[in-house]
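The following block contains the structure, expressed as C-alpha cells.
We call the chains A, B, C, D and E, going by the order they appear; numbering starts again at 1 in every chain.
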C-alpha cells in the first residue's frame, strides 16, 4: 500500500497541520460533528483531517451514512462543525460563500419547484447579482442534455433529468470551489459517462478546488487527483490515495492497468484486505467482488 | 441475438396480446402516455407492450428520461395511461391497490418527514389495517442496517439511509406486486450488494410479481428472470431479454461466463451494436465501455 | 379507459359517479350549492315566516336587489364602503406583511410582533370604535378604514409568518451555498414558498376587511352613505327584505374579493398544492 | 339651496366663509331621518346662514358614537342627546350642559301587540318578558320600573335591537320603542300597536336636548344663541309642515338610506306630539319649565343618576334668545294623541 | 447478517432533557419575554397616542387612569369593587368564549375535512361559509334571535361564525398542502382518500391547524363579547354598552385592557400547546421534503 504523503507529486494529505503546502485548497483540521437525535446523539464525524492543494480534484468514497455529505455540507458552510477548523482556498466557508465562488450539487436535486429548469439554473447567478448570459444558460442546458425542457418545471422531469439540471446549476457561476454530492447517482451509465468527461473538460479549462462524493470507484479514479476513503460512522478519513494518472484522461485510460490497479486498491481499502480483487484485473465497481464477503 | 418469445423457458413477451399465458403477471397492452408541458406536450411512452408471468422478476433498463418511472407509476395506479390497458396478476391497478398487495420504493425515498423511521416502515401496514408485528418491523430495520435509528426522523438520516428505510417499508406488507424504482441508486456498493442478495432471498421465499427500474446492468441480470430494455423518449420496449440462470443465484454466479454474456448482450442493446463489450468478457456496468463511444 | 371495466360493476359505478361529481367544473358545483341553499332558505321562509317576515322570501329579496341595481344610491353606498374596506385592507395587509418580514429578518422579534398583532385582533372593536371616530375628522371614513385594517393585520401576520416557514431547509441551503444571505433567501425562496399561505391569509382578510368597514359605519360620525348606514336604516325601519338584500350584497362583495384573490393566487403561485394541481392528491 | 347633505369635514373653528361665526358641526343623535327636520329647514331656508354661520355640518350619528363624545372632543359645537345619557356623564364630572330640549317628553314607550299580549298599563307588566336594547335603554327601563315601584325581578328583561321581528314572533311581550317609530311600523305590518309611554308613566324626562360644553357657553355664548335662533326658526317651519319635513328627509338629507316617505310623514306627525305642548306655545320651542326640569332630575334619580338642575341645565341662553326675539314664540296647534 | 454500517448509535454522553423539551421550554421562555417587551411597547404607544390625540381626558384614558381605576377608590366606587366586577364579568365572557371556541373549532375541522375529501362541496358551500362571515351579525342578530333564541345555542352559533371562517380556510389549505409523493405512497398501499387524509394530510395540516387555533382564540373572545352585546345583559360585551350609557369611560378602558390582556394570555397558552405538540411531531411537521 502506498503511503500518500511521501509521494513526490502529492496533492493531498491526511495531516494538513503538518503539511500546510498540501492544504492550500481544502483544509480540514480536527473536524468532528455530533448530531443530536432526540434523547440520543449521533457522532457523524470522528476527527477528520484532510488537506488538498488548491484547484485539485478530490473524491470521497465510503459506506452509506459515514458522513460524506456532512463533510461536504460543513465545507459549504451549511453545517457548523462541533469542533475543528475549515479553510478552503485560504478562506473560511462563510467567506467563500459570500464571494459567490461555490458551485454545489446536492444529493437530491434541490431544485425550486416553482422555477422552470432555465430559471433554476440561473438562480446562482441571480443570487450573486451577476447578469445571466442567455447563451451561457442555454449552453449549460445543452451540456446536460435538457434542451427542449428549458421551460419545464422540476415536477415534470424524470429523476435523472432533475439531477442533470442541478449539475448545470452548479456550473453556472464558474466556481472556484465545487462540491458535488453523488451528482451522477441517478444517471444512466451513458449519460453518466458523458457527464464525467464534460466535468473533466470543464474542470481542466477552469480549474477549481473540487470535492466530489460518489459511490463509483472507477468514476472517482477517472476524475480525481486524489481519492479519500472514509470508514464507517463515526466517519474519519481512512486513507488518502493520490491518483497519479496523466491528464487529460480519455475513456481509453479506463482500460489501462494503472487505472485498474487504482480501482483494485480502493476496493481493497473499502471492502477489506481479503476482499476479492477481480482476478482478471478488470474494471470493477467493487460491486460484484464485495458480494463474496456476504453470507446470504 | 436471441428472440425472446421462442425460448422454451419464456417468462415474458413483448406481445402480450398474442401470448396471454406469458402475461399472467404484468400485462401492458398498447400503453402510451403523453404529458402536457405548458403549451407543448411530451410523449413519454410510445406504445408499450409487455407481459410477464406471475411471480416473475423483471427489470427495466433504459436511458434517463425514457419513461421507466412512468411505466412503474402507471402499473402502481398513480398515473393513468393515455391509451392502453394494464393488468397485474389479473387485476387492475386500482384493485391491486385496494387489496394492499403492492410494495413500492420510489426513486426518492418519499418518507413522511414527521414520522420516525420505525413508523414510516409501519405505514403500509397501518394503511392496510394490519396490526404491525414489532418483531417484523425490527427485523426489517435490521435487514437494511438501520438498527439504532428506529426513532430517528428522516431528516436526520443520510441519503442512502433514507433509501434503505424506504426499501424496508416496501417489504413491510409482503406484497404480491413489488415495484422498485432505482431502489439501490443511492447506496454504496457493499450495501447495494447485500440488499440485492436480501431482495433475492425475500423474493424467492415469498414470490411476487416484481418490476425493478435500475441503471445497473449486472444488478438487473443478477436479480431478474427477464430484463426489458427501453429506447430513449418516447419510450418503448426495445428488447425483452430472458435471463436463464439457475436460482438461487449466489455472488459466485456473477463470475460465470453466462452471466457476463448477458451483461454484454444488454450493454450492446443499450449502447449500440458497435458498443465495446468488454474484451476480457469481465463484469461491466457498461459504464466504462460506453465511454468509448464518446468524443471528449 | 378500460381499466375499470374489469372491476365489479357496482363498485365501478359508484366510483364513477363520485368521479363525475369530482370532475364538475367549480362553477357548476357552485351553482348547485347556491340553488340548494336558496331552496332551503325559501322553505324556511315559506314555512315559518311570511314573505316579508324576519326571513323574507328569496323572491322578494331578489326583486329588491334588482331594483337596487338600477339605483345610484345603492352603488354609491357599495362604492363608499367598498372603498374604505379596500383602503383599510391594503393598509392592513401592508402593515401585516411588514411585521412578518421584520420577524423573518430579526427572528427574535417574533414574540413581540405577534403579540402586537394579537392585540389588533382582540381589542374590543365596540369599545375602540368610538375613540377612533373621535380621533379622525368628522365626515371621514377613518373608523371604517381603521376597523377594516385592524381586522386584516392579525391574520396576515400569522399567515405570512407561517408561510415564511414553509420553505424547506434544502431549498434554503441552495441559496446559502451560493452565497445568498437572509435577504436572498427571502426574495428567492421564502417569499415565493410563502405565497400560498399568504394568499390564504389575504383571502380570509378580504371578507374581514369588508365586515370591518361596515361595522365602522356604525360608529362613524358625519357620514351619510354606506352599506352599514343602509343596514342601520333598514333595521330601524324593520325592512327585512332590504336588510337581506344588503346582507347578500355584503356577501357578494366579500365573495368577489375572495374569488379575485384566489384567482390571483392561482396565477402567481400555480405550483401551490392548495390549488388545482392537488386535485389528484386530495 | 345652500349646503348639501354631504358635509365636508370641519370643526368648530371660527372665521369661516359665510359669516362671523364660521363653520360649526352639529352632532345628530341618529342617521339622518325625520328626527332632524328642524335642522333641515334651517339649512334649506338659510336660517343658519342668516344667523351668521358659514357651513353647519349636520353630522349623522351612527348610533354608537354619542353626542357627548363629539362635543367633548370638539368635533361638534352642539350635540343632540338626551338627559338620560348626558346626566350620568355630568355626574362623572364631564363639562357638559343642556341648553334646550326639542322634545318636551321622551319618546320611549313599551310597544306590545293587541293580537298577542297587550300591555296597556304598568300593572299589566308584571311577569312579562320585555325586549330592551342593552346600554342606555336598559338604564331607562330599569329607571321606569323603579319609578313605578317595580323591581327588576317583576319582569324578565331580554336583550333586543331595534328590529320588531322577535316581538312579532312572540319571543317577548313588549318591545322598548320610540313612540314615533316602532308603533307606526307595527301598524304598517297590520298589527294593532299597544303603547305604554314611559314619559306618561313616571319617567317624564325630555329628549333631543341640545348638549354643549360648559366652556363653550362661556366662550361662545353669542354663537350658541345664534345657533339656537336658527334652530327655532327651522323647527317652527318643520312642525308646521310635516309633509315637507318628510320630503327633506327622504329626498335630500337621508337620500342615501332609501327612507319611506309615508312612514316618515307619519313619524313627523307623531313627533309633533313630543315637541309641542302648552308650555312651548307659551314660552317658545326648546324651552323647559322649572317643573319639567324638576321632573327630569327626579326621573334621572330613578334611573340612578344624582345631579342637580344647575349641574345639568343652563337654560339662560334660550331664555335670552326669546327675550331678544319675542316674535320667535309661535302658537302651534297641539296634536291630540 | 451483520449490519454493514457499523454498529448502533453511540450512546449520548451526558444527554440532558430531550430535544423536544428544550425546544418547548426555550419557546415558552421566548414567548414570555416577548409578552413583557410588547406589553411595555403597547403601554407606551397607548400613552403617547392618547396624550397626543387631543380627545378629552374624560373620554380617552391613559394607562395610569386604568391603573388608578383598578387600584384607587374614586367617586364611582372602590377599587376592590371595580376589580371584583371586572373579574366576574371576565368569567362570564370566558365561559361564552369557550363555548364558541369549541364549537367553532369542531365545526371548521369537520367541514374542512369534508371540503377536502369532496371538493365540489367546497365550491357549493364556501359561499355560504363566507356569507356567514361577512354579513354583519349586528344586522342579522334579530333574525338569529327569532330562529335560535338568545341562549347558549346562539352563543355557540356566534362564536362559531366568528371563528369558523379563518379556521376553515387555514385548515383546508393545510390539508391540501400534502406532498404529491406522500399521497401517492398511501394510495399505492391501498389507502383511499380518507386514509390519505388521516395519514398524510392531517399531520401536514397540523402547523396550519395550530396557526388557525391561534387566530381562533382572540376570535372566540370577540365573538363572546359580540354575543353578550347583542343578546344578553351579561359579561364584558354588555358591560361596555352600559358603561357607555353611564359615561363610565374608565370602566370601558378597563374592560378593553382586561380583555386584551386575557386574550394575549390565552393566545400564549395556545402557543405553548402548539409548541408542545409540534415538538413531539417534529419541527418538520408539514414541511416539504427535498424538491
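Worth pointing out:
We take it that a contact is a pair of C-beta atoms (placed from the backbone, for glycine too) under 8 Å apart; a residue touches a chain by one contact, two chains touch by 3 or more.
From a predicted model like this one, the values you see are computed outputs, not experimental measurements.
Ranking all chains by how far their C-alpha centres lie from the centre of chain B, first place goes to D. Between D-E and A-C, more C-beta contact pairs are found at D-E.
Rounded to whole angstrom units, the spacing between the C-alpha centres of chain C and chain E is 18. Chain centres here are Cα averages; for chain B and chain C they lie 49 Å apart. Chain geometry summary: the mean Cα position of chain C and that of chain D are 39 Å apart. In chain E, the residues that touch at least two other chains are 1, 4-5, 9, 54-55, 59, 138, 142-143, 146, 180, 229, 241, 244, 287, 289-291. Annotation for chain C: residues 54, 126, 130, 134-135, 169-171, 218, 228, 235, 240 touch two or more other chains.
Annotation for chain A: residues touching 2 or more other chains are 37-38, 42, 63-65, 108, 110, 112-113, 155, 294. Across the interface of their complex, chain A is touched by residues 170-171, 173-181, 184, 188-189, 192-193, 269-271 of chain C.
Residue ranges on chain A touching chain B, taken from their complex, read 35, 37-38, 42, 62-65, 67-70, 107-108, 149, 151-152, 156-161, 164, 181-182, 185-194, 196-197, 200-201, 215-219, 248, 250-252, 254-255, 270-271, 278, 280, 282-288, 290-294, 296. Here chain E touches chain D in the complex through residues 54-56, 58-59, 75-76, 138, 141-143, 145-146, 149-150, 229-233, 238, 241-242, 244-249, going by the rule given at the top. Across the complex, chain D meets chain E through its residues 66, 68-69, 72-74, 84-85, 88-89, 91-95, 134-139, 157-161, 163, 165-166, 169, 171. Those residues of chain E that touch chain C in the complex are listed here as 30-31, 33-35, 37-39, 41-42, 53-55, 59-60, 116-125, 127-128, 130-131, 133-136, 138-140, 142-143, 146-147, 165-166, 169-170, 172-173, 175-180, 183, 193, 196-197, 201, 207-208, 211, 214-215, 218-219, 221-222, 225-226, 229, 236-237, 240-241, 244, 252-253, 255-256, 259-260, 263-264, 267, 287-291.
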